[in-house]
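After this come two complexes, each holding subunit A, first together with subunit B and then together with subunit C.
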Partner chain A sequence: MALFAPPQRLELASGKTFGPVNVAYETLGTLSPAKDNAIFICHALTGDAHVAGRYGEEDDKPGWWDAFVGAGKGIDTNRYFVICANVLGGCQGTTGPESPNPENGAPYGREFPFITVADMVRVHKALVQELGITRLLAVVGGSLGGMQVLEWAARYPESIASAIVLASSPRLNAQALAFDKVGRRAIVTDPCFRDGNYYGHEEKPRFGLALARMIAHITYLSDKAIEMKFGRRLQHSDELTYDLLQETEFQIESYLDYQGKRFVERFDANSYLLLTRAMDYFDLEAEHGPMSRCLGKTDARFLVVSYSKDWLFPTAESKMIVRALLEARRDVTYAELESDHGHDAFLIESEIPKLTQLVRPFLETTFRRIAD
Partner chain B sequence: MALFAPPQRLELASGKTFGPVNVAYETLGTLSPAKDNAIFICHALTGDAHVAGRYGEEDDKPGWWDAFVGAGKGIDTNRYFVICANVLGGCQGTTGPESPNPENGAPYGREFPFITVADMVRVHKALVQELGITRLLAVVGGSLGGMQVLEWAARYPESIASAIVLASSPRLNAQALAFDKVGRRAIVTDPCFRDGNYYGHEEKPRFGLALARMIAHITYLSDKAIEMKFGRRLQHSDELTYDLLQETEFQIESYLDYQGKRFVERFDANSYLLLTRAMDYFDLEAEHGPMSRCLGKTDARFLVVSYSKDWLFPTAESKMIVRALLEARRDVTYAELESDHGHDAFLIESEIPKLTQLVRPFLETTFRRIAD
Partner chain C sequence: MPDPLAAVTDEVIMAEIDPGSRVVDLGCGSGRLLEKLRDEQGSSVLGVELDLGEFLGAVERGIPVLRSNLDRGLQAIPDGAFDFAVLSQTLQQVYRPLALFDEVFRIARRALVVVPNFGHWRARLQVFLQGRAPVTDALPYEWYESPNVHFLTMIDFRDLANRGNFRIIKELPIIGARAVNRAWMANLRAHSALYILERR
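Entry: the complex of A and B
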């Protein structure tokens, strides 16, 4: 959907304006006549609008949260109208650095403006409004998606009836900033990056982007998960090769290489820089004041979920949100789910039943309350 | 000291032979007439032979363990004769990939053989023997240095009276392998690396090596240490720049850049590849059989120390060593030291007093026992 076409340009957090913005979004289920059953799903760093379902029988891979979203599932598309949109600055359909600049038809590249989580949410709010929805039954998201949920609550307190924040935080800690930094460093020091203007060139900053993904991927997994899955098992044989050029001696190495390779096929390096920086910048309290105040402005019900072995967005950071909501006398449910998976747990199929057990009744209660 | 000159070449774990090896080493204190007061210190990944002291009044930086080793210190050079040698494959004086190949005078580069922790220890054992010492009072080391200590104990059980293993492990876990892998990947994908033959070129793989160091450096610090030291503080002003090219917006970013830059001035990329791979390969039990058996061969006393917030070499891995020693009915003292620092704690000056309290009496008791 085309939004912010001149003269209504989007006012960005940086002070600049930008437009037009094309938003790639998908919907599942049916919007009720009262328009009171809409749920907006915020995707994480490298997600997209294709949250669930298949495009056809030929489609061999369903959406990224297919185990959780669909008919009869945790977010039941028989009852709710689900919207998921790609974020501003992304590379999966919504306007981003890879998109053509209407002024000259060439990809924006480095001309693309700096964006923040607030900017992403501004765009999604405009989309929801265009769809004729004044108040969402729920906004839901994990990780960077959870940051967007918090931003929705603080920025548009009256437009949400509930908020579901998974494996997230009101701001990245120093260690998470550090990992983001080295990932971006891998990209910008790749000679093929060419200061972000690589679109016209055959060589893309593949090595840098793959490396950034590999580093980040380690932080998404718990030490226990990676130990159980790979340990010190060798990839090619039972014998060590004593060869320094053998970069995939251990299975974990081969796995990381594979993750890196797969990622560069689907993601744009400039988007990766922009979105990780938006994550770094996100600081709910710096932007909106003390959490108990800024989250207290909404009467939305909250469900906050953290995962026991998530070391990128540790449980303590979810508890900060919960404490602030309690202080503000808001309605909040909190669960730390036990899982050997780390940060990625909210995306992992085997962990979805536990999440479903929490989310289904939470949504039902919310829906009943607003119907009353 | 020149060792393994033809025809006595060093037999490597890989099956190849290599020589000659020049070993850079330093000594402190005086060897007793009975030659029973010698302590060998094994340095960690990027350390060197200059363990303590200054080369002269002009020298503005003392050795890397100066707070711990010296007259009246934890390892008291008034009483003990201290030896520290750079490892095989390193770049601080002992023969490594940067050294000239005597066959043609050019640096070995990729011609340098694959080496293991056992190979490093073989060289150091030969050095100790050349110095006329049959039995060391102690072998001491942290991290990769601790791995060398374990190797000494398993390979040369009669040649040590005690072993001090700090912040170490009998083998890297999968997460540690993963971090080593991405660090090496940063180096080998740097176009200036040229498959390891970069010595003749003006451009060195600086970006890759710096990035490898930055990644590793994160793993040396605890999340708490990094949070307290940097948090989300900005580097340049109180205002965010909203500039994607500003790579040092946060203090933690500037700090990592600095660590990377400083490192490339003193370290060689090929050595980094070799030594991290040697660390990956180290697996005491795979090489020598069950720990209770292979460590049970020595009657050396053990002191094993781990640090509470070390997530690269977690406490649990030190406990594996301790359990095996107890099973073998060996004399072992174990302490988990509380510290907000992570893996780096054994090197950090403010943590040295706690270490000193353990090591001084341990060495005194060992010395008294062998004198009896």
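Entry: the complex of A and C
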């Protein structure tokens, strides 16, 4: 959907203006006549609008949260109308650095403005409004998606009846900032990066982007998960080769190589820089004042979930959100879910049943309450 | 395991809580008491529960609830957030009751505590005559499956009050289905007791 077309412009947090913005979004389920059953799902760093379902019978890869979203699932599309949209600055349909600049037809590249989580949410709010929905039953998201949920609550307190924040935080800690830095460094030092203007060239900065992904991927896993899955098992033979140039001696090396390689096929390096920066910049309290005040403006019910082995967005950061909400006397439910998986747990199929048994009744009671 | 005395203790507790109060129930189970407090007395409520099944029961009732281990403190709850903290059949199940009371009186002005009375005559008889760990209506578990890690009598609780950061402002022995203001030989006759405590 085209938004912020002339004469309108999107006002960015940086002070600049931007437009037009094309938003890629998908919907599932049916919007009720009262338009009170809409749930907006905010994807994480590298997600997209394709949250669930398959494009036809030939499609062998369903959406990224297919175990959780669908008919009879945690977010039940038989009852709710689900919207998921790619974020501003992304590379999966919504306007981003890879998109052509309407002024000259060439990709924006480095011309693309700096964006923040607030900017992403502004665009999504405009989309929701365009769909004729004034109040969402819920906004749901994990990780960077959870940050967007918090931004929704602070920026549009009257537009949401509930907020579900998974494995997230009101701001990244220094360790997480550090990992993002290394990832970006890998990209910008790739000779093929060419200051961000690589679109016309055959070679993309795929080595840098793959390396960034490999580092990030480690931060999404727990030590235990990685140990159980790979341990010290060797990839090619039963014996060490004593060859320095043998890059994939251990299975974990081969796994990371594969993750990196697969990632560059679907993701744009400029988007990666932009979105990690947006995540780094996000600081709910710096933007909106103390959480107990900025989250106190909404009547929304909150469900906050953290995972026991998540060291990127640790439980303590979710508890800060809970504490602030209680200070503001909001309705908040909180659970740390036990999982051997790390930060990624909210996306992992085997962990979805735990999340489902929590989210289903939470949504049901919220829906019942607003229907009354 | 259904608690046969739950209905009785709920009623006794509700009578002691002013309408419209802010109430936290520590060890709230599936939120039965909080639901009544919210719907019938206009309380604003929060539950804390460790057991996942019970916790989900509270979510199903639409009760805001934190899944948390009381033995690890209540860091997510701000100071002075509540008028009342309820510990109904909870205290005997935590490892360090005095440490919990520090947290209780950080977050709440008053506490309502219901504990089984180990001094009840049935319990005493079973120990004395049969030489066995007691199993009664108020202490319904075999020793090997009991969630209770402490056993105390009404006299013991008064003793604790002298050491803790609180004082007892009301003591209601629960005899049969009734909580009474004063009872002859209460420590022998009451299967449980309700205490209202205030920060010292």
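In the analysis below, the second predicted complex is superposed on the first by the 372 of 372 C-alpha atoms of A that agree within 3 Å, B and C clash if a C-alpha of one lies under 4 Å from a C-alpha of the other, contacts with A are read in each partner's own complex, and residues count from 1 in each chain.
As a convention for this text, contacts are C-beta pairs under 8 Å (C-beta built on N, C-alpha and C of every residue); 3 or more make two chains touch, one makes a residue touch a chain.
Please read all numbers here as calculations on a predicted model, not as lab measurements.
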Can A:Glu336 be said to touch subunit B (first), subunit C (second), both, or neither?
second
Considering only the touch criterion stated at the top, classify A:Arg301 as touching first (subunit B), second (subunit C), both, or neither.
second
Return the chain, subunit B or subunit C, that is in touch with more residues of subunit A.
B
A:Gln357 contacts which: subunit B (first), subunit C (second), both, neither?
second
By the touch definition at the top of the document, which applies to A:Arg368: first (subunit B), second (subunit C), both, or neither?
second
So, does A:Glu247 touch the first partner subunit B, the second partner subunit C, both, or neither?
first
Of the two partner chains, subunit B (first) and subunit C (second), which one does A:Arg323 touch, if any: first, second, both, or neither?
second
Between subunit B (first) and subunit C (second), which does A:Arg277 come into contact with in this model arrangement: first, second, both, or neither?
first
Taking the touch rule as given, give the residues of subunit A at its contact with subunit C in the complex, in rising order.
301, 319, 322-323, 326-327, 329, 331-336, 357-358, 361-362, 364-366, 368-369
Spell out the part of subunit C that touches subunit A in their complex, as residue ranges.
22, 44, 46, 55-56, 59-62, 64-68, 75-78, 81
Going by the contact rule at the top, pick out the subunit B residues touching subunit A in the complex.
13-15, 110, 114, 116, 171-175, 177-179, 181-182, 184-186, 188-191, 196, 207-208, 211, 214-215, 218, 221, 223, 226-227, 229-232, 240, 242-244, 247, 249-250, 252-253, 256, 273-274, 277, 280-281, 283, 311, 314
